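Pasting the structures here.
What follows is subunit A paired twice: with subunit B in the first complex and subunit C in the second.
Let's turn to the complex of A and B:
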């Protein structure tokens, strides 16, 4: 952690860490503390009086069927995004491993959606599926399916999942390619000499050996779906229709800034922080395991 | 290549081309929509092949904006995005270089305490604590300013960790040699550490530039003055106005403008980008 050869104590190191510590204290610690404190308060509708209520906000939340439904939706949403993005990326990465010519070209063509902002990705997909004009809505219409994500909650969910997946494929692809390429070629050759075909080699050698990367990506994708998809949902459905796509992060925003329920929103923030901490701990556990491998 | 199986190789190429097709299709549709005029963009089915209105739309969007008379022109929003992205990327790199240097190369009181304080920020994305952070920024009178848009996003544990990792791999002999030559801490930092971590700084810059350019929720809350709107935020307002009068040709042109700078950065620095991505996240 500390270098064996280092400088002794002086004022300089304090000055060096000062900017980062100042920003951390003012914009991280203080707001997080505020969120924790506010989650124990209930304010009346006009903001005249606040009452300290201990865990009542949390109690209200866990009895609120909308909140529980939002939890369930977030789980469905993030798992679908993770599984679809990883599956699609793994197939492409395995194929890139097969080919000799044009690896860089395919990589270039596959990675750019990563650079697209979530809101912009949302705008692209909402345009393609616009019920009156969209190109896919039109195609679905000609085969007799009436697409309208503004009215149908399941279709709205499918659309946000598609947009979120599309943006995340590039990331998964890069990690899978790196993982597959780091497998010693001798293992694959030995299996080939023993007569294992490409499919068999994939399932019995490549797939088990990239498990650490897969676990890592699963965690990253879930975190992505939890927190980085706000823009996609805000652009496509705004949580609707009838809250069908209101995931937890969207609900914090909606209840806090639109509904002005400060205590409730703060309590939701605290629960989200707890979820992030649990996910981070899992991630670090896993990284330790990977070092062994 | 392990064995020669032309059929499997052909299948691999076919799957890849199909995959690229699926991934690139939305961007193609965006480009096509940006090259047609308003009339064509209200006729079903929408075109799949580019038209000839690209430069006309580009001019409208850049200098007049979308959504009526008092719309913000896109060139202004792109300038704001650029300022925000640069401030976030440069700011993050500078403060994390400094704190990583202090933590790795100095023995001083509360060193581990500071380290843990920075570590904690890894666990608290902006989305989770938006309301209280917004209150802090408004109390500091930082609403509608570039500082308010960037400073709260500047503290980053990931960048500090990455530089810490880089510094730990630099041989101790470097510092010993520098000392023998009479260099102080700051001299060592400038003339040895920074040049040695140049590629890591570049890799991180790509990732952070995209991160900064694509910020959405935070500038949306912090800015009410249209002079500070960023192009990513502008997208959303245009989508809202599309409910009444869909000007998809202009909206998609703006989308193209919003994606262009980050895509250029990624493609022109592809090697750096891949390196930055796979190294910061671990």
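Let's turn to the complex of A and C:
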């Protein structure tokens, strides 16, 4: 009884959500619909001749071994970035948690890289590892390793993974620090009184209690590696050498903006959109349930 | 200094806006950065100063690919410029967009501008002509590959004349190695030099339907014995150090200018770079002839970019565009551009003027490119090429050739795969532009 109609029908709530709805429609639904429509077309660059082909663009994609290879590459890239970025961030967060003096200074410094734009991050790493100019390439050379990511695909992949990881550590760190600090001190103190050392306390108390955060970060990091690393890859390798670092989102750009194959490029975007939807569903289904120990 | 220029510009613009008549503004999007960008600005400024009806406004839109993409996107949004500079591999894409481009011949006829196509170098304009001989776009910066060689190293190795055949080139490379060098020769832009130009030079087609000139229903044929044998022999000679691969575009320039490789095949437009970087005496000569394939060279094909006129602008713009194209073709303008940049002049008159001015005498070899281009009247095999999606296809060819140099594939395998992958893209283009 109580739950029924506290407020009379009013236009106000609709008015209040209208701007948000409008933004969503204009900036999300409309372009997504356009991409979906475009993915059913084979069209020339200028848009003069258009043929509606249903799913043929998708069929072409899945018969293209280079597209499938890009999938595999993206999986390797995203997992490497997610695991490394989270691993380093967790170690740093656990250590900062134990610092007594100057916590703020450490935290601030560790968060800094997050403020660096992807392209700038890419440029930094490109300079450090440039085969002829880079200081790290030079250092590697002195110990007898001939670094050249412009010719060696594995080195190129390693470099973009490192750059993307470096940039994401700050974000993960922030969340891990917050998660660790939200664990009741009494739990940790009780364990300490029972004689558990720092490592044991971390693995048996802190680590299980931050799993919801870890899971959330895993999803966010994978989405990051899938989409937000475009700038880094564009600045460092441009997808090369010989497609060694051409992940899915870069291939969308390459086929659409360099190759002017709009239908094929749109089809790839639609597939990426489907991937995001799946990831988001997973996030809501599992994270909202709160993974707990 | 800069600020005062801006203020001056603003004041000038304001005075025009309020004046009794306004000049017609013509937007020109181009891809020439750095020093060449300044030369583009100078050409526009000189044209603007030469008359008072039109103002050409050049804007730099990034590299070739970015400029072309920008123009395509702008056209779709009805914000296109009047003139856009497009590189030669984008020709088929531009051409297929019949409603978007205003062919030069038609533009000149519609605006009543006198236009004689025969004054242009045939090898330059034939790349951009319809099968009926109408000029589609105005050649602006064109170059062709030549063989650059290190004269000092040649002297040291006891080589009198630069090679004119592949056999001589290999023999000379061996002599260079014997004289203590570690690399005989290298080349850049490998698809353009070793497949497109190699084929034209020996009068071989690289694709069906007159290299795509006669229609979009075309397929590649460059996996023929001549190309495969030559590439295999180049790949095999890597072991001895005769050939060294140094990257896709101009990356291998440093191999030549540092004195590591004694010879280098790449665009004549590297003249300026080599002149400023090489600390030795260098020369340029014509591409080598493969005597197994042909008895005499045909002619080389060009690379570079042309100016395309886009439709959809008010009538009075096109009068200005036509006037600008005419201005651009003047011998004085062309000769200046040619001598400053190393690009070939687009008219015979400009080449003659450069000769009269003594440019070729002072800089021996700088007419090699023109000689190569005008060696013989172009045949359907040496007129150029017109393939859709060719930007991506060049990447495919690069990847396959790299697999060859790395020893992962034989020349036969690499070229067969390149043809197969390229044909798939050609079919896609034909379909999209039916």
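Here is the rule we use: the second predicted complex is superposed on the first by the 255 of 293 C-alpha atoms of A that agree within 3 Å, B and C clash if a C-alpha of one lies under 4 Å from a C-alpha of the other, contacts with A are read in each partner's own complex, and residues count from 1 in each chain.
By our rule, a contact is a pair of C-beta atoms (placed from the backbone, for glycine too) under 8 Å apart; a residue touches a chain by one contact, two chains touch by 3 or more.
Keep in mind it's a predicted model, so treat the numbers as computed, not measured.
Residue contacts after overlaying the shared chain place A:189 against subunit B, while subunit C stays out of touching range. Contact with subunit B, but none with subunit C, is seen for A:198 once the two complexes are overlaid on the shared chain. Of the two partners, subunit B and subunit C, it is B that touches more residues of subunit A.
Contact with subunit C, but none with subunit B, is seen for A:258 once the two complexes are overlaid on the shared chain. Once the two complexes are laid over each other on the shared chain, residue contacts for A:96 go to subunit B alone; subunit C is not touched.
Once chain A of one complex is fitted onto chain A of the other, the partner contacts of A:42 are limited to subunit C, with no touch recorded for subunit B.
When both complexes are overlaid on chain A, the residue A:243 reaches subunit C alone and has no touch with subunit B. Within subunit A, the residues touching subunit B in one complex and subunit C in the other are 257.
Residue ranges on subunit B touching subunit A, taken from their complex, read 1-3, 5, 8-9, 12-13, 15-16, 19-20, 23-24, 26-27, 29-30, 33, 41-42, 44-46, 48, 94-96, 98-99, 101-109, 111, 114, 117-118, 120-125, 127-133, 135-137, 140, 151-152, 154-155, 160, 167-168, 172, 175-176, 185-186, 210, 213-214, 216-217, 221, 232-233, 235-236, 238-239, 246, 248, 251-252, 255, 258-259, 262-263, 265-267, 270, 273-274, 277-278, 281-282. By the touch criterion stated above, subunit C contacts subunit A in their complex at residues 65, 69, 72, 75-76, 93, 96-100, 247, 389, 391-392, 398-399, 402-403, 428, 431-434. Per the touch definition, subunit A reaches subunit B in the complex via residues 1-10, 12-14, 16-17, 19-21, 23-32, 34-35, 38, 88, 91-92, 95-96, 98-100, 106-121, 123-128, 130, 132-135, 138, 166, 169-171, 174-175, 178, 185, 188-189, 192, 198, 216, 220, 227-228, 230-231, 234-235, 249, 252-253, 256-257, 262, 265-266, 269, 272-273, 276-277, 280, 287.
Within the complex, the subunit A residues that touch subunit C are 42-49, 51, 60, 150, 241-243, 255, 257-261, 263-264.
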